[in-house]
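Got a structure for you, written out below as structure tokens; questions coming shortly.
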């Protein structure tokens, strides 16, 4: 049923443009869910002196939490933009594949950061983590701007205020992450704290943005 | 089709409040399914003397079963509360992200418990396992109470008796898990047995609650 | 939309009985998909002399294929029985959780068999693999018979011939797997070959059963 | 809702032929998503001298990217053919299981290639990678030709030009991959570069094909 209507539409137009976004979202949700859940595989604990080990392993829990929440926020926002989109084309699908590629990459630099909090490797680890999130934010904007360009993939009844609200709120993302990343060149620890702070900021901002939307109704 | 109706609704209201819960559930189910399935990665067996090894590895099978059933029960209940909810907002989505973060964390303490059943590390492992489940139960209640507060995310036709039945049955959860966790300070083994007993209890209670619902119809 | 109709129904009856099976299937599909895909994690290769290593590693490819196809068949059949079911209750959900627990366990004994093809551990490994599949087949029948008992979870228009056809075709499963498992006590290698043969048999039988259904229309 | 309609239909015909393709796609998407996401587990980094290590580890990032994009393209195309298909039968489901088995196998040869870029093992690794992708392409064609044979699983309103366009564009796949694979017998490095080039080619071709479709409307 989910497919009969859109496929009938696409039978009329003879292309994929009108296809439902349901499946793209299902695939994306799968990658979001798996990337987030795989983070736990990087949480380890040496068996001897379990107590001290678990205490000393706090960076891996912190890294798990920050990355899980970061991926969670990306998912919430992906959810938000797809409330405005009801068409896809193959170029859009490929942009989404690249976006998901960067999301699925997050567990690796997360592990690096957790693993090097106490040694000089933290600088490189923080740069790897930061550039991954910067790339993710760039691809995220690319995804949105491709869809919003001339509104060609947006719902006909997409509220212009909501659309421009999304545009305004996503544009700074790459610059914020890039700035936090470059801080690692001088102060890796500060950079890592900034990544956590950005996650908290976006959580709050997301809630506020949700309210703004409600107000704008 | 799955999306056309809700997005049209959200087009009318210009916010996410009316959005279908379908996608939130799909993402949540992904995390539930992955967290449950990843548990098997912690079931190991040393190659030499396979027979004895497999027999000695019983704690890892038991831990696999208890955690899988525990996650399964959480899924069944998540299923149950979403039969009462038909709206989401961004705050609710973020609470769900934190809830899923604790669900996805379960495989780690499960591994710790299985790995330390025969050594003094069991106390710390049982505490780690118990606090994870306690946190999960707290976030679970937070998810439900946020949705039920003033019924603002509930279906208009949500049966008040079912709603209060859910409230009654979830409130004790955190306290039950906290109590079983604190027992680990004196008797780690008893604590672990209690976690298994709670899983069995919730399975039975869940079936009874299901029947109560039917009766209340 | 997928949920509005069933939840309205459940609003009328005040219980979960009438709930759509969509979400149960989504969760189950997640576990099927993950359990099948995780099998690859057990396919390893020692780096030195890669050529010979890959050749000597044939048992792990064979085990991967047999278990993937076996899980695939379970999925196809799960698909088949849910074409007859349109209601769930909490007991049914819990039986499904136990069924999925056995499906998600398959990667572990699969690894054991692949790892011990060339040593005496094969007997124990084959027994572990066989008992896992036997338990899965038992839970599978339990799932079906619980749903079909008095047709209480079946669609009103479920074709009695299809229902009895499913019953006839699933009943022998546990006995077939149990027999192949016990063979391992005397001839582990023969037992492993039988597991592969059963997978092939069910593939063919499934196709034939599909045709029989068509004929019975 | 997603199921009520198709199951009613299948109640009428008494077989699976008319069943919605929704669940097959959900399961397939799960495997696509997991296989793609698991690729990250093969991206490692030795802790000492993290900087140099991460630089020297470029082959694993390249392999991650090529395989992720390759799986992403398969998903986009799977998406495309299912816009033409609205029926399944058990034989088709089994072909899809074998197709997914080859998709889920990709992470293993991907790891081999990344691990042997700098040593003689690259020849065998490239052959393993190439034969996996060749098998995937063969099964992919099998899936499409089984569905398109006499149009017996296609939508009644499937555009003949789109159908023949898909046929034309998938037929060369296995030969292209086989050729790139055999090159590894003489020049493994060239073969690996070709696999990357094919991924890029298909991305562009896919976008062009999407446009062609639009034109053909």
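Labels A, B, C and D are assigned to the chains in the order they are written; within every chain, residues are numbered from 1.
In this text, contacts are C-beta pairs under 8 Å (C-beta built on N, C-alpha and C of every residue); 3 or more make two chains touch, one makes a residue touch a chain.
On a predicted model such as this, the values are computed, not experimentally measured, just so you know.
A rotation of 90 degrees, rounded to a multiple of 5, brings the CA atoms of chain A into register with those of chain B. Homomeric contact chain C/chain D: same residue numbering on both sides for under half of the interface positions. Chain A and chain D, compared by their mean Cα positions, are separated by 24 Å. Separation between the centroids of chain B and chain D, computed from CA atoms only, is 34 Å. Of all residues in chain D, those that touch two or more other chains are 1-4, 26, 30, 33-34, 38, 41.
In the complex of the two chains, the chain B residues touching chain A come out as 1-4, 7-8, 10-11, 13-17, 19, 23-24, 26-27, 30-31, 34-35, 38, 41, 89-91, 93-94, 97-98, 100-101, 104-105, 107-108, 112, 115-116, 121, 124-125, 128. Listing the residues of chain A that touch chain B in their complex gives 1-2, 4-6, 20-22, 25-26, 29-30, 32-34, 36-41, 43, 45, 47, 50-51, 54, 64-65, 68-69, 72-73, 75-76, 79-80, 82-83, 86, 155, 157-159, 161-162, 203, 206-207, 209-210, 213-214, 216-217.
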